[in-house]
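Some structures are shown below for you to check.
Shared between the two complexes below is subunit A, which pairs with subunit B and subunit C, respectively.
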Partner chain A sequence: MAAMSPRTRSMRRQLIAQLVASSAILAAVLIFLFQGFARQFAEESLDNVLMASTTSILESVTERNGAVSVDIPYAALAMLGSVSDDRVFYRIDHGTEFLTGYGDLESADLGADGRTGFAASEFRGDQVRVVTASRLLSIGRVTVTVAQTQDGLSARLDTLFRRALVLGGAFFLLASGLSIWVATRAFRPLDTLARSVARRGPADLSAFAPTPLQEMVPLVAALNRFVNRLKRALGRSEDFITEAAHRVRTPLATVRTQAEVLMHRIEKDENRQTLRDMIRAVDESSRAAGQLLDQAMVNLRTDALDRAEVDLAACLSDVVTRLRPMADLRDISLRADLSDTCPISVDAILIQNALSNLLDNAIKYAPPETDVRVTTHCANGTATIRIEDGGPGFGAEDPEPLKERFVRGRSATGTVGSGLGLTIASQVFEAHGGHLTLSNREGGLGACVEVSLPRS
Partner chain B sequence: MRRSLIAAVLGFALCALPLAAFEIESETTFAVSAPTGTLRILSTTDTSLFAPVVRAFQTANPTTEVFYVSASSTEVMVAIETESAEFDLVVSSAMDLQTKLANDGFAQPFRSAATDIVPDWAKWRDSVFGFTQEPATLVLSVAAFEGLAMPLTRQDLIATLRANPERFQDQIGTYDVRASGLGYLFATQDSRTSESYWRLAEVMGALGTRLYCCSSDMIDDVSSGEIAVAYNVLGSYAAARQDIADKIHVIEPSDFTSTMQRTVLMLRQAENQTAAGKFINHLLETAWGKDSDALAAFHDFPRVIGDPANRKPIRLGPGLLVFLDRFKREKFRQAWEDAFVQ
Partner chain C sequence: MRFLLIEDNASLAAATADRLALDGHVIDVAPDLETARAFVHTGSYDLVLLDIMLPDGDGREFLSYLRSKSLDIPVIAVTARSEVLDRIGILDLGADDYITKPFDFEELKARCRAVLRRRAGAMSNTQRIGDLEFNRLGGTLEIAGDKIELRNRELRLFELLADNSNVILSKSKLVDRLFSYDEDVSENAIEVYIGRLRKHLAGSSVAITTIRGVGYRLDV
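Up next is the complex of A and B:
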């Protein structure tokens, strides 16, 4: 199971989930607090109205001719009716003697001040809030109790609770929206860095631009250190290959010359054949070493292109001239139509090297007595070079992988080659912002290699 | 509580007894051919005045028999509070007593599409519903006011009475607040609204005022010329008397006109709740429905003088309990007697 790649998790999604969960908790706390405050506020205001009612009744109790006189103000009970439709009960006592009202109503215990008291109790099957106030008259203590059922309060609290829910819900939605926005923004620099890494060409090993974001600094620094290490490692391996190729090529040349000298002296046919095979193997090794050197050179130069204004047709013409003897040797007619001049800004050495590789391939893979055609087309933005041969072509296989190092086509069997030619050419053109396209010739035998290069 | 329990037990044991001991004025059964149930209404409204409402209800509900008992508002309280008389609905003009019944837990809340159309000031706790607005009017004898300016306010009336003491000596009538719950309600609300009530009371008392139990008696006496002025007469009763329309003026005092709401409530122990609910719906739809004149069931005021804008509806609510308090009632009765019974 260790081979299975771990399931990826989105940090952004995780952060959003955490923020949304926090919002939900906050919203719940908000609703809870709001409800608490609302209840407290509603109960207090109800108590205040009850107290006002009780006080106004208490103030209407007077002493007249040694007897208690009660004159309940109309507003005392009417004000309770204006708050809600709740049932109202009251009782008035003089000392321990019940004077008027609801005799079975229980007074609230008086508080520390001995004048007022609040209680919640049950009366005639309903929950009631009870407020009691007491006053000392010359003829004794008078106590007034007013009670009210709580239906209106419950209804009001229900309304408030619904409102709190709406408020909490709105808060939650808003906070969640903000969370998503914030989380998305927070990861933007990471996305930007990831994109800039992804956008880089295969050979781009330059340092990443320094970031102003403190949290990103270690990442960018680490990335740059890694790139540097990579660059050094690559450099070392290129140096090693160059050195190796160089060291192999020289003795190989010696071996080849001596083998050829030997060839003239040998008369036995089977021995000559053996020697010819040897020379062929030496050629192959020598060519591979040459191409490795080429590629090392290409790698070095593509990092810093030495561009200059040249005529592409002239460049190509040089290459054709150089390879014509080899074509003639194989009875291949090399036809180049290079009449148009095509000024272009390129690294001429690299381009010639690449084109030479391509043409060399064409000549190598084409059967004797066929044509290899080289044409250029110079458009405004792009210059196109087309090399067509009469060889086996790429067949049905996908030609793209042939651009990779050491990959050789099926048709290459039996031909000297390293598998580096197309790689070098492709690398050169891409370094110039151009492109190498491999295809079979339309409606006929042979391969078609098309190079497009931007002119500016 | 214990008392009502005893009453209930007694009622159970002696169910052969006809009606309980409270005093009734009349007892009518609005029979139907094939009754499926009986709706029992205890009411302060005269049977004759209420009969059209009951019949209209029975047109829509032809299998409901209606047993209608009318009694004074005080007796209605006795019946419900102390005798637990078995009724489904209480219809009463005594708003204060209806409020007390609901406040003390005798009423049962009822909600329907019809109760929703009733404005808030005409209902309380979804238990007490107003279905009429009946102004307390001044009923004057056309003959007695020959040559005198029509008093349109209490101040006018005070001035007219003071200016013509010999013409109005012993010619004034009003409710005896000690005998009539409605009279007490009107008087207490008047006293609450304006000081002019007590000044008018002084003047009326000084001229000698006859005291009545009921609006209908006052209307009769004004129309027969027995008295010239009747104060706080139910406009609805006066308007219903088309036969004497040319003998009386019905005036809504323009300083303010106390307006009573006749109310209905369903009793908690109502047995026929379905029929009771239907009857409440019928009353409220008639009173407050879009198609009907709010007063159509009771009122037809072709000759009422005054502006309905001056009407001051007595609000349902716990404020009405205040004048039911023993001390308050005693105090008011004392002041009232000081003014009228000299």
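Up next is the complex of A and C:
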């Protein structure tokens, strides 16, 4: 089957890849969101601390004798130090007048309420978070700005990011594992069906068992429809062959029988000769028809050999028993040594038909009152059947072409035959991986037909 | 012998009955299974010739019917079907042998003989001809206690002569019966077999006489 589509894709692998990619994206989103929340949370808490510090400084601004007095409480800056080791800068303004602190520190713009403002900016080469709060005193607006470097925050964010990475990675691995498990499980019924199709013998055209899985129902139904079509097609072919045989052979039988009856009543030699020729023609056409139909049937069956374990010797013994009356008619003794049992796995019907063709040939071409000898040899790997007759043999001609359709040997002149017997036989043995060899008997008169069949 | 021929094709059945009658057999023809079932219960047959394809069923049904009724009549199935197909079932279902249409009546006789011989074993069903004991089935002649085994062609020739004793049979007729139609044989070939039979018959009251230019006659 693989030869039919050079590039196959695995649906299972594709599904796994898609699921793994999805989990990777989910993991990335998770890390990103986690980091975002963490930053927001950290910044907010830092802002709150900064705002608290700013507010407490602002609270300490008082008016004394028309001047602004600031007494920065220790706690205001200490609370910042407790959060991290970051440096803290501040400035206090009275209206637009700079009072104390770092004059080059920029205040943040006040928000909508006009009292507080937040900003992220750079101060002396460091990223800083700036919080500004202002308060209106009787002598004017006092603005306090506190800034803190962000090193502690970055360090904490880095730690959180690493944790997020680990968490995301773990999530990714877990999701991937689950994906593989799920995909494998999902395709298990398909594998089971494929195995049950593969396990079938060639002749097994029974319906597949209904599946409880809804998604598999159309596939199983289609498979069953296909099997049915195949069964019908095979049945039609076999019926046709059977019907054709019946239609051809029954009238031929009538003609032949009537000719034989007539033969007994006619005394005149010329008429008898005519009748004899008629009977021969009938025999010839019925034999040809029979063998053509046989070959059609063999073609149909060699595609799907119905192999079973049989004893080759018993098989051959049946054939010999059936042909013995034919041999008797010609006073030919069929000498069969079939004492060796030989278990072999073959399509017994086809093998018997082929052997029957071979033996029939031997009986037909051998002179009366001679022996036809049938022997089997059962070796480990191969079974050999040898049929030797005391006929004219193949002479000097090459016997191999006799295996082709409608080719008949020179010695066949004067005998009814279609030239298909050896073709059918050879085809059957080759379908079994065996071989048919035609030769002249060593050191004596007659033909030797040897069949070798592999036993496994 | 008494035959039951089960065949639906009327002209083939008639021709077959005619042909078998020529050999001195009695034949009843049943065109379908129903008639055949009636026949097997009323008549006693030595052998049934059963066509496999019949209008009211498969001939194989008849085989199972015979079996179910414990009717132990030898059956030779006659079939027009492919030989490859035929091996399935016919012999398994209890036919003794089968023959494919169209057939040579010598082959049919040979098969009948083989079937009956298998059935009867070496039963001595002999016929007395002059001072001879002739066993058709076993193919033996017994003259004053001496048993002679006949070869198949000798047997068939003697049978012909014995069935037409005191009648002249032409060489050409004997050749037609003894050799198959697809063999090219001269009429002189018969002389060999006549010679052999004469040798076997030496010392018996039965003799084969040559009628010059006409044929042979068994004088009993």
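Criterion: the second predicted complex is superposed on the first by the 232 of 456 C-alpha atoms of A that agree within 3 Å, B and C clash if a C-alpha of one lies under 4 Å from a C-alpha of the other, contacts with A are read in each partner's own complex, and residues count from 1 in each chain.
Criterion: contacts are C-beta pairs under 8 Å (C-beta built on N, C-alpha and C of every residue); 3 or more make two chains touch, one makes a residue touch a chain.
Every value quoted in this text rests on a predicted model; they were computed, and no experiment measured them.
In the superposition on chain A, the chain among subunit B and subunit C reaching more residues of subunit A is C. Of the two partner chains, subunit B is the only one that A:V88 touches; subunit C does not reach it. In the superposed model, A:L223 lies in contact with neither subunit B nor subunit C. Legend: residue contacts after superposition of the two complexes on their common chain; A:T100 is shown touching subunit B, with no touch to subunit C.
Applying the stated contact rule after C-alpha superposition, one finds that A:V310 touches neither subunit B nor subunit C. By the document's definition of touching, of the two partners only subunit B reaches A:A76; subunit C does not. Judged by the touch definition given at the top, the superposed model places A:I180 against neither subunit B nor subunit C.
Remark: subunit A residues 238, 241-242, 245-246, 248-250, 252-258, 260-261, 263-264, 267, 269, 272, 276, 279-280, 282-283, 286, 290, 293-294, 296-298, 301, 322, 324-326, 328-331, 349-350, 352-353, 356, 368-369, 414-416 touch subunit C in the complex. Contact residues on subunit B toward subunit A in their complex (touch as defined above): 1, 102-105, 124-126, 192, 315, 317-319, 321-323, 325-328, 331. Interface residues of subunit C facing subunit A in the complex, by the touch rule stated above, are 9, 11-12, 15-16, 18-19, 22, 53, 80-85, 87-88, 97, 100-107, 110-111, 113-114, 151-153, 170, 172-173, 176, 180-184. For subunit A in complex with subunit B, the touching residues are 69-78, 80-82, 85-89, 92, 99-101, 104, 124-126, 151.
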